[in-house]
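Chain nomenclature is as follows: A, B, C, D, E, F, G and H, assigned in order of appearance, with residue numbering initiated at 1 for each chain independently.
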Amino acid sequence: MTLSTFELRTLLDGVASGRVDPAHAERRVLDALSTPPFHDLGFARVDHHRAVRQGFPEVVFGLGKTPAQIAAIAAEIASRGSTLLVTRATLEASDAVRAVVPQAVYQADAGVISLRQTDVAAGHGTVLVVAAGTSDLPVAEEAACTADLMGNRVERLYDVGVAGLHRLLADLPRLEAARVIIVVAGMEGALPSVVAGFVSVPVIAVPTSVGYGASFGGIAALLGMLNSCASGVSVVNIDNGFGAAAVASAINHLE
Amino acid sequence: MTLSTFELRTLLDGVASGRVDPAHAERRVLDALSTPPFHDLGFARVDHHRAVRQGFPEVVFGLGKTPAQIAAIAAEIASRGSTLLVTRATLEASDAVRAVVPQAVYQADAGVISLRQTDVAAGHGTVLVVAAGTSDLPVAEEAACTADLMGNRVERLYDVGVAGLHRLLADLPRLEAARVIIVVAGMEGALPSVVAGFVSVPVIAVPTSVGYGASFGGIAALLGMLNSCASGVSVVNIDNGFGAAAVASAINHLE
Amino acid sequence: MTLSTFELRTLLDGVASGRVDPAHAERRVLDALSTPPFHDLGFARVDHHRAVRQGFPEVVFGLGKTPAQIAAIAAEIASRGSTLLVTRATLEASDAVRAVVPQAVYQADAGVISLRQTDVAAGHGTVLVVAAGTSDLPVAEEAACTADLMGNRVERLYDVGVAGLHRLLADLPRLEAARVIIVVAGMEGALPSVVAGFVSVPVIAVPTSVGYGASFGGIAALLGMLNSCASGVSVVNIDNGFGAAAVASAINHLE
Amino acid sequence: MTLSTFELRTLLDGVASGRVDPAHAERRVLDALSTPPFHDLGFARVDHHRAVRQGFPEVVFGLGKTPAQIAAIAAEIASRGSTLLVTRATLEASDAVRAVVPQAVYQADAGVISLRQTDVAAGHGTVLVVAAGTSDLPVAEEAACTADLMGNRVERLYDVGVAGLHRLLADLPRLEAARVIIVVAGMEGALPSVVAGFVSVPVIAVPTSVGYGASFGGIAALLGMLNSCASGVSVVNIDNGFGAAAVASAINHLE
Amino acid sequence: MTLSTFELRTLLDGVASGRVDPAHAERRVLDALSTPPFHDLGFARVDHHRAVRQGFPEVVFGLGKTPAQIAAIAAEIASRGSTLLVTRATLEASDAVRAVVPQAVYQADAGVISLRQTDVAAGHGTVLVVAAGTSDLPVAEEAACTADLMGNRVERLYDVGVAGLHRLLADLPRLEAARVIIVVAGMEGALPSVVAGFVSVPVIAVPTSVGYGASFGGIAALLGMLNSCASGVSVVNIDNGFGAAAVASAINHLE
Amino acid sequence: MTLSTFELRTLLDGVASGRVDPAHAERRVLDALSTPPFHDLGFARVDHHRAVRQGFPEVVFGLGKTPAQIAAIAAEIASRGSTLLVTRATLEASDAVRAVVPQAVYQADAGVISLRQTDVAAGHGTVLVVAAGTSDLPVAEEAACTADLMGNRVERLYDVGVAGLHRLLADLPRLEAARVIIVVAGMEGALPSVVAGFVSVPVIAVPTSVGYGASFGGIAALLGMLNSCASGVSVVNIDNGFGAAAVASAINHLE
Amino acid sequence: MTLSTFELRTLLDGVASGRVDPAHAERRVLDALSTPPFHDLGFARVDHHRAVRQGFPEVVFGLGKTPAQIAAIAAEIASRGSTLLVTRATLEASDAVRAVVPQAVYQADAGVISLRQTDVAAGHGTVLVVAAGTSDLPVAEEAACTADLMGNRVERLYDVGVAGLHRLLADLPRLEAARVIIVVAGMEGALPSVVAGFVSVPVIAVPTSVGYGASFGGIAALLGMLNSCASGVSVVNIDNGFGAAAVASAINHLE
Amino acid sequence: MTLSTFELRTLLDGVASGRVDPAHAERRVLDALSTPPFHDLGFARVDHHRAVRQGFPEVVFGLGKTPAQIAAIAAEIASRGSTLLVTRATLEASDAVRAVVPQAVYQADAGVISLRQTDVAAGHGTVLVVAAGTSDLPVAEEAACTADLMGNRVERLYDVGVAGLHRLLADLPRLEAARVIIVVAGMEGALPSVVAGFVSVPVIAVPTSVGYGASFGGIAALLGMLNSCASGVSVVNIDNGFGAAAVASAINHLE
């Protein structure tokens, strides 16, 4: 894959003209097929081609990894000049990372460790992050921080749940000005339907695990969002602020 | 229970004064304790005291009963001069009932067989039945017909789902004029939250089994309603228009 | 919305008669449409119009909010002379609130912080809170405290589960004297059905998360209550004593 | 297993005394270990020792078997003089069975095909089958027919659901007279808790799949029964009238 | 109820003959109807008639009650000379109880506090408690301790799971000698089916919450047991050793 | 809303100058607030402003509506010159619609009735619809037809499931050329993760209800997609080809 | 992939020596990368390399495909001389296939259409298919037919459920003689645990959807098998006889 | 069972010839049937015949057992010269075991205590353990340690999730060289499908409980694997690395 058609043609022309040794060409082709585009740490394979393939370097999902593992991966990423993003990071993970990447920043409310470098392109419009209630803020902030780091202009509109719609209606112009909207809500998860009823841009719904008993850790909100009667709504996993931001950023970077 | 304190005192006074035979008094007391206030059809015990206890005669739930069973129960109820209500009734059940209770009426869109008699008190205000979409109408009609038969003034407001809120906002005065509101919705079940945000009267939410895949036969709407972030909302079972009307009528008959 | 028809007509008459500057009238109308009826704390929008719309000030749901956030919202509410109610409050939250609202009271068994002020109307009858077992008391107390604060006369009837029905039957007159009944039960959740069989007033069922293995954190009780064979029963979320009280109060405040 | 200690001793004595050939004894012991106590039909192995082990011949569960398969098994059972019981049988299955076992009887309301023979012992007391509603009758009848065929005196008490407790209270003496009680109920499944509160004999609860939406085909009733707050209640599978009768009969046949 | 037919006749005869004052008789009848057969502690109503109705005094379910509440209820029960049983009791609860009921005994492996008094009748046979694995012991011991306290002769057979059937087969005679068998198992819950295949006495299955991932806290075992292909098996709630013992004891006390 | 700031200012200037009667202005303002931007059919409120708000006219969801209801709504939409789209339409619905809108087209494999009119803007790139297997085609076709009708250039890539990845790898250039990709898959729902690993554009995942037993009508695929380890994936409801197309079209119409 | 290292070296040597035109070599390499190893039917891509990769040609899963689609795929497979296997095939599908592949055979009890050709290698031992009950036969036969067609010697042992273990014990030698065992069971799914307790070869468990109420279409059996306390058991999807046979055949073809 | 045919014949010949006392022979036969092939510790029955039946000694599942119980069982196993394996072991359990079995080794990352002895046969090929992400390592290591101890050559291939397929493709030759492959993955669980698409050997899938919200503790991965569209995949319980290794070892030890 990393051997383009153009390079292959040049190589074969060289062989034909005697300028290139056939054994060299053979090695080159086989190499291209076998060189892994990642760095193997034993317990992890850091993917250095992801920025090429997907527009943003590999992101480190902090849950289930030890601080030492996170720090080792972070050091490998930062050392290549890539922007660093660790989600679901604890303070302990942050300490471990900053011991090896001192410029890294920790945003506790979002659970995010990051280091902005120069390799990320700017998005074209605004990503608006809407949250239904105060309890949804950690997830909303994970989304906002991620979207910001991925090169997007980010705005926030918080505590505008459907039980007091006037709070949302007061900010309709901000809804209408966004290029893509992330809506974070727990409980019954109805806010994305209402927001999507007012706009024509894509709405990405994030259920949160906030709520009384039968919210079942976000299932109620998740089902509510999947069953939205409004069009233009798609959904990511419960509490997955990062995922919503990645989708929003992909949309906002489209030409 | 059916022997009041007053009657017991009278009886004992009679015994003391010799006007009443002790054996008679004993029989009377024992009878009161043992006479079943119902009519036993073998497969069913028709409850003739329910109107006394609960303000409305026994209602026949049609599912799982044969047309012949339904007709027998209906005949027993109608013969006492009680108002008749059969829910979840098929056309076959209706035919069987009308063979023995010719004045009974069948409303196919609501699945309801009924015969209005003179034993039901009038409610004090209006019961407003709100439905989110056209597909929710069978359940909404079951609620509306039931509430009507139970002596309530009923109004309907249909197809006002949250994805096009202006349709609901156009009828805010009708929301505000109701004494109790039944809100019927499938899919994400968000409408009760929005309605309850505008009013101070009780809102009874009815999830329906309408929807795409992950609505799971109404579970999504049910969970959405149980997790409503608005206050004043309580919930009945999926598709249970009858149950909502019974609650609404109980509220509407309070002094 | 906050510009009534009457005020609009007065304004336009003023403009017509020259007493009112058209620019002033324009500003007034636009202001009415754009002034948010809430106070924006950044992380929360405190809704000061809720008492107008719904008869009780905004209630603070304590779960998922930091003590500092709760205290800030509580201070904002109390400073307006509104009655304060925080549910699911920990001792830490209470300490934070009382540092800024010293008159606030903490009821640990109910998890409720409150400050009674003069803005709440009285309900018309008694709200009876029935609990099946001793383990259901925290939820029952959340309901009782909330209903009390919302202006209702509250009575309690505890430990009357269906496995020893004589305990309930001994208090039938109290059931019959209530205007609305809240029934709190875990395990199989059968108590609301039994209670509703004796009365004609609305019964609000609250499942609790109490129980052995397959109670599944209250699902068994929730399903039991949704499937109640008695009429007049509606249901709120698991452990949602507050929600039940809000519904009961709405009913009890109806003319 | 089919070689008793007594028979083994006799055999070995015979070998010791020369009356029995050792090779014969060897074959006898090995035979006993290898002879299958069943008849192999290819698709089924009819268990002729079950009556010895468990007090009742093998019962044929009709679901998922073709009429031809059912008829072949039934013929094999009947030909040995064993009592025949087929549950969940359709009319087609009945026709197929009666073509080969003409004396067999089909009870359509219970879905049971049976032929009473002389090999079943009588139980010691009465098995009372209680059903909450008319819709629960098919399951209750499966239980009653099975218990009757298994040698028990059976009584029925139907349509005594918890929403009208006076219907049950009127028959308390029959509850108290039973040796074991089967309680069949759908919806919230609360009846077993109430019944068990009045008696000291074992109560076997059978949830049925009757009900509105969130009864989920009997899950609500099943969970209600498993979480019964009354003691002395155990539960069988949804709609499993046969299983309840088998447990009741085992209890009723205890010395 | 606590006024027998005999006593009523005597009373009325007395009134008729002038030996009894009618006012006295009236009071007596009304008292009988209104005297609660329980002691009201405010947060709990201790049921002193249960031993009469159900053969064993009220049992205290420890989960969700504070040590102080448990101790108060225990003191009330013990003071009447009733046998005391508290299940799901922590060491703290035990300390609180023993401060007021010093003779009470705490069995930590079973989580049971008890005090044996003289009011419990003896069962007729042996209750055998079978457990599949070592991890199931706490539940098995709750069952065994409860059954013992309820007056039954109890035997134990532990660690005989189906993956090594020879361990069970080695003890077949003990299975056959029991009058009722409690089978406790986690994981796939297959042991009750196998046990029930060998015996004709009733088998009570108790699923436990032991297991890897998809055991789902005992749901796998619960479903396995409900779907048992063996007859004579009924099921109680997950980890409900007490409930199984109560059923077993009810069976074992049948004449 | 339908009274712009500009129009309001003009009106007030008119009143001020005497050119406009105050009563007229009042009526105009009140009318603007009360005129519903929809056509009320009684059972449905056809939303004629949706194209303005959301870029596409109201779509008719065919499930749960009668053919007569669908035809009436379709006629109302078509009569305004709006593009018509009915999803989940049966042949009967198609016949009813074409009786009143003869130019409408029915695509049976997609279950879609449509009539293309001139009111829909063109999208900017290609929407690629990828399907894992032949059984997923009905859902994929619903998505493709919807996206096409909404003004998008649509391409299809079918039967490229993850068990034979070479079939997908052979078409990588088509993946890379799309502006937004819809991936339709049943069973384990892994295809969106794999596709998203190759591209940087947004991927919209649609689970289908295709599969063996534990696919649970699409839940397995839904969960698989929600838990995608690839970034850039968002999800719509099971079998919701329409919803995916609406999201894709919203994205593809962004400037 | 289809261009081996050896062939590449030969090609480059040819270019170096002038025997091969560089443009030809380029085309050859690019062709190898781009030629899809499948036949594209539009709605399906028939995978002709699967036999090379996985030892058996592509299998057609009949559910969700029309008879015409199945026939077209079958014809394509058969025409290449590959062995044909269609699972979950109806009689209609069989008729359609046999119209174009007349030698194909339909086994109705297994739902399998097949045509044996000469391209399948023989396995090394016996695959034993064990079924718990008669109702499990369709799934067991799907497994047996598939394993047979995949080149394995197949034996069957049916109706040996755990409630009558002697039926299984009678055939222990056949269990011990197998190289791999497929165990098919519904209800509680306990049979695989028991079988695996007797043997050291791998056991593949197939849950079936047979059973009463709370078997939930095979979930009970699935969970039972996943939680097996015996080692050596792995599980395939509910009713997935084909999948079990594919695993068994892969094992049986290992050197 | 532990009395072979050969030994039985010898015994009977002895009785016939007078060399053996019949009473002795009787005792011998009865003993053989009753001697348990296990050591009874009271709370556990250590199975010393398992190595004979299943090729590996009994394994101790550490969850739910106290350190003291684990140590006692471990000592019993080690004292017989059997290889020791304890899974799900904490550091406390390790300390307890090593106090009595000092040579035992604790691998904390796998949660495994072991002591290799000489009683385990070698497998024939390589067991390859593949893990999708760094967070899956504890489960993968449990599998790898177990397989190693069971006599298999083990290789590891970690962090090769489907979102960056090139990481897996770089190691295809290792996939192709294995005799059996264990694939460990959380989140959507798609890796087994992809791996199985490249190889013909059996693939054993292990879902892990790693993931965001709607992974539901591994259910998403479990369902994904059960619904794999690739053939040759079977599944073990969530996080059950031990179980996967046991299956893999059984396969790898087949001749």
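Assume a residue touches a chain if its C-beta (ideal position, glycine included) is under 8 Å from a C-beta of that chain, and two chains touch if they have at least 3 such contacts.
Predicted, not measured: the structure shown is a model, and the values here were computed from it.
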item: Mutual neighbours - chains that touch subunit A and subunit E alike; value: B, C, G, H
item: Cα superposition angle of subunit C on its copy subunit E, in degrees to the nearest 5; value: 90
item: Classification of the subunit E:subunit G interface as same or different, half of numbers criterion; value: same
item: Chain located farthest away, centre of subunit B as origin (C-alpha); value: H
item: Chain pair with the higher count of C-beta pairs in contact (B-D, B-E); value: B-D
item: Distance from the mean Cα position of subunit F to that of subunit D, given in whole angstrom; value: 55
item: Centroid spacing, where centroids are CA-atom means, of subunit F and subunit G in whole angstrom; value: 39
item: Geometric centre distance via CA averages, subunit H-subunit F, whole Å; value: 51
item: Inter-centroid spacing, subunit F versus subunit A (mean Cα positions, whole Å); value: 26
item: Contacts with 2+ other chains: residues of subunit E; value: 133, 164, 197, 211-215, 219, 222, 226-227, 231, 237-238, 243
item: All chain pairs that touch each other; value: A-B, A-C, A-F, A-G, A-H, B-C, B-D, B-E, B-F, C-D, C-E, C-F, D-E, D-G, D-H, E-G, E-H, F-G, F-H, G-H
item: Residue ranges of subunit G in contact with subunit E within the complex; value: 132-133, 161-165, 186-190, 193-194, 196-198, 211-216, 219-221, 223-231
item: Touch list for subunit H against partner subunit G, complex; value: 53-56, 59, 124-125, 179-180, 197-202, 204, 222, 226-227, 231-238, 242-244, 246-247, 250-251, 253-255
item: Residue numbers on subunit G that touch subunit F, as the complex places them; value: 1, 34, 36-38, 42-45, 47, 49-50, 58, 61, 63-65, 69, 73, 207, 209, 217-219, 222, 237-240, 243
item: Residues of subunit E defined as touching subunit H within the complex; value: 133-137, 158-160, 164, 166-167, 170, 210-215
item: Complex interface listing, subunit F residues touching subunit C; value: 5, 8-9, 12-13, 15-16, 18, 21-22, 25-26, 29-30
